[in-house]
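Same chain, two partners: chain A is paired with chain B first, then with chain C.
The block that comes next holds the complex of A and B.
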């Protein structure tokens, strides 16, 4: 417990800026993972417990692609495309076999795959921590705002996250594909009866969710150390985000992710031992007060 | 499932205990004795989960919370207070029941997948507390310095055979109690909620209270399993409260079969055997276990005892049809 540090920080603009920025980058990475999770749940009614593994694989794909080409763009592309394709294959071959409410089987299939992915990563990339290093393009002097230091890469991450959030929101509400996806989440049988290939749609949504998680992994690679099992902690956090924001809501995922990011950074200052506990506490409060989450409709 | 009288079940339990008690007289294999102790810990853990999943239809993905909580509560009580073992054990069960009450009150209202991952979140909360509260729990290292095991009623748990007998008794008594719960009117109410919660509530049953009771009971038995484990390793590790523990328990009950009472026990024995064999052959335990899980979940889709029950059912049906046909021919 160290509430004094928290108060001192609130009194200093430099500290506030630094903390809020790092809260936002945690929030943006969480958002990219959580929004895929919430999208997949909204349409397929399946909670993808392997979603953290996609994040992990994205980070490792980026690591390898960056090592081979030296280009950060190529690294991000490898992360996104690799996990996106994996998502499509995973949905078509495995997850599609356990649709229809049997939660036990869904959990088991995902549990099996988490074990396999974690071990494959250990076999291919080794058990030790890896780090990708900051790309040269971002080796810039940090921005100074009100005395607080903001590294250029952090700014890039935040912009990326916000752009993707805006794009997703627009895409789902305005485009034909977005409308089809929303329709399928309400009544898949009717959508299918109207001549739309729902199987293909499901694979696309799952692949896209995997792509976002992989992209998050790729974006996280320069600022996080890579290890097998890194996916599970972000999975739990993105669950908390979706519970807080409400399953199926993109705005909820964004707000929930940023809230969790801020709780994490300020919690580390004030309650270093209980940072994780604060997130769960917050989740429990939301669950008791509004079981469907802050922006959730009654689908729970 | 035939409904046996309580007396028959007591006899079966007594016979099982007698067999377990005689085992050390016939073999000097320490590995076998160890195996039974581990099977007792995991068996209680998995069977208690099946009380939730199989009978109540509540798929908890955070049941490992109670396993870890039991191990840590008992270990810490023994290390810090010097209470006699039976008192510490009883206190551990009380602690688990109270935690189950609080966590259950938040979770059991939630449906299916929500329930699964909110229970998981609470388990990860306990795990993160254990890892970060180093002065109390020893963090990653687990409880250091071993768990003291003072003699009580002439039972010395530091003695391997005494520990074995205690575990066997706890296992058999625990299974017998859970069996009685499953066969009681409460157990049947639980099944009814699983099959049709709306209708059950129309009949005047308090669904929330029934589910919560099941959650607390399952937690208490799981923590008894955790206590056995902490006595066995003379410590407690954060892994006991890690999510893989819950995943493993879910696989155990699916492997053994959720439709029979002893299915989880069968699953426990098979998984522990598999565990021992695989870790001896390859360092890539997760890879092999993952593939086995997928074979079961996507290929067979049923547990071992489910196949046995079906086989018996088929035979009975075949016999009846044959008898009918004979009658018709006559």
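The block that comes next holds the complex of A and C.
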């Protein structure tokens, strides 16, 4: 434990800027994965354990597209579209068969596909780790704000995350499709009775969740080594985020992800040997104080 | 009445019986001599360090081909049985046990990192089979007498040796450039903690003004190093030491690059100079100080270059640090079987004590399995700085084995292990 380092940081604007932006950076990637997870759960009532695998596949799709085209935009598009389409196919062929089934069956199907996706990655891209490298456009010196350091790429990442969060929030609350999705999450039978194809709606939501995870993978690819099974650790943290924020809440996913990011960046200064523990401790405190999560609604 | 003499007296019967028994048993003995000897090899074939596990397998198989062509282990051809532990200690222990109990392997080449190596060591203790650790560099595995067992040997680098050589090298740079404020970023497990402590001990010994002002201990196989990087940025050390390795090291370098972290300090990464890392980092910074892991230009001998080129020609990739260690173990086992005149694990273990063999990987063309702690000494060890293209580490300063062994002896004494 090193509380002095923490206090010194709070007294320094440079440290505060660096640590707070770092918290946002960690949080934004987590948010993009967690928001898909929470969206799928909120509408389909399925805990999608394959979500980390979509993140991994997104990273590999981006890696391949970037290698072929040299364009980071194409890489992100390949990551998002590839995993989005895969999500639709996966939902229609497999997940739709376990709707209403017990959670154990959903877990088994998902776990089976985690192993399959991991093996597919090994077969297609090899077992060794890969590195995509930073796109030229972001090979810039970091920005210095009030003495704090903010890398250009991470600034882009934070903006991406915030734009997606705002777009999702607006889309779900202001658009007809968003309202239909929200209605389907509350009463799918009623939505179906109104002539809306709920099967297609579910496939779209699942595909969109996969797209977000894949996009997160694509955005992570320039700074993380790619390897089979890389989705597992982010899946665990995403579950922590959704539990803290409240299952099914997009705002909860955003706040939960940023809180986890800040806990990690400040925790490593003050409690370097207990940073991981702090995340779980915080989750436990939230669960005790508000079992549905910070922004979760009681199921009554 | 005279007793009719039997056609087969007792003496003849005994002779016939002995002859018959010998005849019957001969094919069995002959069969046993020719019987393939199965050697189990748990290693990491999937996940972040799969490339190292694969390179271990490749190198071992390449050398097994040569040894088998030369007659195998005391006349018995070797069959390697290789299993993936996924880098998980519990899986490594399970696989190792299964290799002996189910797959009928007679000995183990433990090609695990330290996390799994200690687990396999306990399996070897339990089952009593010959076990050769080929990738675990944590010094205590063989240095601590409480852990030592007569049937287990280390046939690879050791943290204390690298640290003694590295500490001395780093101290010379620190004194020349007046680097007194140091930081650390190393993986949070036995290898990372031990090796870092040993490196710093020698660094401070040779450069007493050095002070460690910040430490970051990311988990092994951690994806995101942002908090470690920003912590280092806050502390502003003049030099940074790391024993991160494989994909963890390349991720750290990629993520550090966007903070321009490594432009602000001298970086000493003991595990950088391995082709695995050197060829994967897209924008390899110039001037990273590193220990040699496997470089075909060090030792600069025709034998080493030929081995490196031969491996690359066969597998279409460069060998790694784990490659030479797993190639060496096969040659070490062959030499032990030859000395023992047997492929029996116990006899080979006895033969391994103090065994010295010629190899391209030796500092002077030879390596020795030191008897007192059943660990390898005399391998090529040195430090240099990287460049982004081949030969990647153009000038390696060799470590002084005489000094390394003296420092190691002192260290063991200080631990109460000598």
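Here is the rule we go by: the second predicted complex is superposed on the first by the 298 of 300 C-alpha atoms of A that agree within 3 Å, B and C clash if a C-alpha of one lies under 4 Å from a C-alpha of the other, contacts with A are read in each partner's own complex, and residues count from 1 in each chain.
Just so we're on the same page, a contact is a pair of C-beta atoms (placed from the backbone, for glycine too) under 8 Å apart; a residue touches a chain by one contact, two chains touch by 3 or more.
Bear in mind that the values here come from a model prediction, so they are computed numbers and not experimental data.
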{"item": "Which of chain B and chain C A:103 touches, first, second, both or neither", "value": "first"}
{"item": "Contacts of A:174 with chain B and chain C, given as first, second, both or neither", "value": "neither"}
{"item": "Chain B versus chain C as contact partner of A:186, first or second or both or neither", "value": "neither"}
{"item": "Partner chain in contact with A:276 - chain B first, chain C second, else both or neither", "value": "both"}
{"item": "Touching partner for A:22 - first (chain B), second (chain C), both, neither", "value": "second"}
{"item": "Intersection of chain A interface sets (partners chain B, chain C)", "value": "118, 122, 273, 275-276"}
{"item": "List of chain A residues in touch with chain B within their complex", "value": "41, 47, 94, 97-98, 101, 103-109, 111-116, 118-120, 122-123, 232, 236, 239-240, 243, 247, 273-277, 280, 283-284, 287-288, 291, 300"}
{"item": "Contact footprint of chain A on chain B as seen in their complex", "value": "53, 59, 61, 106, 109-114, 116-118, 120-122, 124-125, 128-129, 132-133, 243, 247, 250-251, 254, 258, 284-287, 289-294, 296-298, 301"}
{"item": "Chain A residues touching chain C - in the complex, by the definition given at the top", "value": "9, 12, 14-15, 18-19, 22, 25-26, 29, 118, 122, 127-134, 138-139, 141-142, 149, 151-154, 220, 222-225, 227-230, 233-234, 264-265, 267-269, 272-273, 275-276"}
{"item": "Chain A-touching residues of chain C, taken from the complex the two chains share", "value": "45-51, 53-54, 215-217, 219, 221-224, 226-231, 233-234, 246-248, 250-251, 254-255, 257-260, 276, 280-283"}
